[in-house]
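Every chain is named by a letter (A, B and C) in the order it is written, and numbering of its residues begins at 1.
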Amino acid sequence: MISFQPTEEESAFVDLAGGVARERIRPMATECEQERRVHPDLVKTMMDLGFTTLELPHSWGGLEMPLISQTQIWGALSHGDLGVVQGLPGAGDGASLIRLIPEHPALQSYKAAGADGDWPTVAFLQAADGENPGLSGVQAVSNGSGYVLRGISLPFRLAAFADSLLVAVNDPEGETLLLWLDRREDSRWHAVEGDYRLGLLAAGCARVQFEEEVITSDQVIARGSEARELLSQAQARIYVLEAAKEVGLMEAAVSYTAEYTSQRKAFGQEIAKFQGVSFTLADMAIETRTSRNLLWQTAERINDGDSTGKEAAGGMLSRVHRSLRFVTDSAVQLLGGHGYVQEFPVEKWMRDAQAQVSLYGREGELLARRGEQLLGDRVPTGT
Amino acid sequence: MDKSIDDYTLEEAWGKIETALNENPKPIEGLNAVYQFDISGEEGGTYQLHLSNNKAKVEKGTSSEADCTLQMALPDFKELLLGKLNGTAAFMSGRLKVKGNIGLAMKMDNILRQYDVQEHI
Amino acid sequence: MISYKLSPHQQQVKDVVHWFAENEMRPLSMEADRLGKVPDDWLNKINQLGIQLNTSSFGDDKNGREKESGKKVKRERQANRLAVIATEELGWGDPAIALTLPGPGLGGPPVQSSGTPEQKQRFLSIFSKDEPPRWGAYALTEPEAGSDVSGIRTTAQKTAGGYILNGQKIFITNGARASWVVVFATIDRSLGRAGHRAFVVEKGTPGFSCTRLAKKMGIRASETAELLLEDCFVPEDNLLGGESYYENRGSSPSGFRVAMKTFDNTRPIVAAMAIGIARAAFEYTRDLVQKEYPKHGRFYHLASEKLACAELEIEAARLLTWEAAWKADIGQPNAQEAAMCKAYSGKIALEVCAGCLELLGPAGLDGQIVEKLYRDAKIFDIFEGTNQVQHLITARHLYEPYGVRV
């Protein structure tokens, strides 16, 4: 039955998250950006409330929440600040893989390390897409029973803080590998300090350099078709969660802009009364609602194990990226000069948004890939 | 005195339908299909209407695989026969459920409409 | 719980209407567009099937089984959701034919919501599968007034036993064939909204005539009439809601506003039809690209990106529309959602059709359904309130919490 009604439990969680976003996250956003990390007090609050373990399975002490519920909570948190949300330590995007295979032996060392509830930070390096241009130089070379990793990666989120790495990479034969790397004393990988200025500055974006890092067979989570399948499933979940954060930021931008333009006067009246302003706000609201609905649809399908959800996730994220860029750009535009300066939050939102869409898949590429699926195997559009 | 449809058992009603269709097979000409009617309610039951070579044959139970199955409550079935219930409206309101070939289901609505079933019962 | 899965009942409505759209409407689509009308024999045949373009024809069955078994099972109202699901299929079949399906059409909701019991009986009971096909219509628009109803110039002058109507109405769907038309008029322009009245004017009333049928870019098989009221006497009994309805106005909303509220229900229907158009163009083009395009190269990439984009826009429009319908079903105000889904669907329907035409290239000009869908789609960005009007309504609701009226 078609319904847009959240459950009572979801509403309660969203209220809680909304309060934290308003009272804790938003006021500390600028400070966290300047410090280039999330303030430890804020991290502690988030951990105490369970927001860092929403995706982790019950058997790991996580909340194992359905995707549809998580999307609402991540949205409410991102209403505070996307930069803070993306800089939270813990299992990060790795949680979506853990969710799929909680008993896998390669993950047990990490599980033990977080047994006290203080989860070390995981960064997820997706370097298995052979066609991705941009000098991704990570290579996996066979080494008897295991592999050797060498080269330098593209920038990815949380890399600067990472205690563990989840790595997807292709071996020389083009087979996909999924690897788990905990930091040890003899680890031969490290984050490379870079020059990041655009946005998500508290999110620990960095490249990782591998200097002949030896991977033993017990670090290999999966290879070949099994690895590709796991990767695509985890990636679909990650796409949903990332889109949820983007929707939260969009909602923040819409309500902030509505309030500002209803008060700011020019030419003798509130600028809201100029249709160039009010129609743009209407478009921002429509784009935001559109993204939220597409997100919820994909979340429900993935939750139900419906394969069309996994297939559609990339297309959905591409559409949400587009909306995010439009909405955050419009917010800056409608605030005019004030939108461009740092006394107001919208300029940061626009920068964070652009950094976010740069990190998570190229819009056009995601769309083209979805189109190839459409033309390859026919997916009915009528639900 | 004529009996009203409420006085007939479902089985008797099906007998009348079979007679009516065979006496005037024009509306079922060229239609080769097995319809199944799952009629719910205390005095309900499952019947199949086999149409082939311009002949109609009613069978109780599910002797063959149906091309199209119609599910409804007994009072609705009687209203349908009397022409008091519009088949399309019944599909839309969910009173009449259809499984299988929808085109055949729509044809059945038409077929039943072309008979003054009351004349036979 | 948030869910976009159709219930078995909703799925059945979709399947049945889709069957109808595919087997009864599509084969007629191009020919009806060429003729500029839907053939009468088809309308006679279809009337007997009982498929109408009307929210009240779905769900909410008053003679349900619950009554009989003595149990009171409270079922969730879902007429609006069923209506948008069904209308998308009708739009997929052919929008002009869909608009011509017999029934009260857009005239139905105001009679349903504002009419007296006697009026509902008199005007709504004439639509039956056992009678010849009949239509109702809705006449608001005038040469100088559309969505801004304060501009209405048609006058209603009180006289013994009724009113004398004078004025002109344009762009009235099914206006010439309608058995009755809900006509909006003013008893005194200086009263503003308080002076507005809605009348049911019956076909054949002296002084009431159709002066012209408009020739249009698209939806050519749908009749768009110009109506003239010249000293047209309408009895009191045809004042929608009756005199008492307009008397104690003080705080209660005027009858006219109640009638206007029907827009909140009809906009999602219009949006759903636009989505059906877009889906028709998308599916036709996708199938053709699959068959005729090479599986690699520049054109293939262009096509895959465009089609993926179209699919997303269609899905996005559909979900906005479902949300507006869902809100109406659960009894929440949905004016903002209704405006948003109409604005979005009207826009993307044309964009999707244009994108499909681009993929088809010059071949799309010659006897293909997509060019017709493109012509049909444009009206969905205009009627039931233009895209700009929908933006205005959306913005008004967004600014309401901040105390600014835009």
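Everything below uses one rule, namely that contacts are C-beta pairs under 8 Å (C-beta built on N, C-alpha and C of every residue); 3 or more make two chains touch, one makes a residue touch a chain.
Since this is a predicted model, take the numbers as computed values, not measurements.
Student: Name the shape of the chain contact graph, picking from line, ring, star, complete and other.
Tutor: Its topology is that of a line.
Student: Could you name the chain whose CA centroid falls nearest to the centroid of all protein CA atoms?
Tutor: C
Student: Per the centroid of Cα atoms for each chain, what is the distance between subunit B and subunit C, given in Å?
Tutor: For subunit B versus subunit C, the centre distance works out to 35 Å.
Student: Just give me the whole-number Å value for how far the CA centre of subunit A lies from that of subunit C.
Tutor: It comes to 41 Å between the two C-alpha centres.
Student: List the centre-to-centre spacing of subunit A and subunit B in whole Å, with centres computed as mean CA coordinates.
Tutor: Their C-alpha centroids are separated by 57 Å.
Student: Where in subunit A do residues touch at least two different other chains?
Tutor: As it turns out, subunit A has no residue touching two or more other chains.
Student: For the complex, which residues does subunit C have touching subunit B?
Tutor: 8-9, 12-13, 15-16, 19-20, 23, 48-51, 57-61, 64-65, 68, 82, 86, 129
Student: Would you mind writing out the residues of subunit A in touch with subunit C in their complex?
Tutor: Residues of subunit A touching subunit C: 1-7, 10, 68, 254, 258-259, 262-263, 270, 272-273, 275, 278-279, 281-283, 285-286, 289-290, 293-294, 296-297, 300, 315-316, 318-319, 364, 367-368, 370-372, 374-375, 378, 381-383.
Student: Quick check on the complex: what are the subunit C residues that touch subunit A?
Tutor: 1-7, 10, 14, 18, 76, 78, 81, 88, 279, 282-283, 286, 289-290, 293, 300-301, 303-309, 311-312, 314-316, 318-320, 322-323, 325-327, 330, 340, 343-344, 388, 391-392, 394-395, 398-399, 401-404, 406
Student: Per the contact definition, I'd like the list of subunit B residues that touch subunit C in the complex.
Tutor: Contacts found on subunit B: 73, 75-76, 86-89, 91-95, 97-98, 102-103, 105-106, 109, 113.
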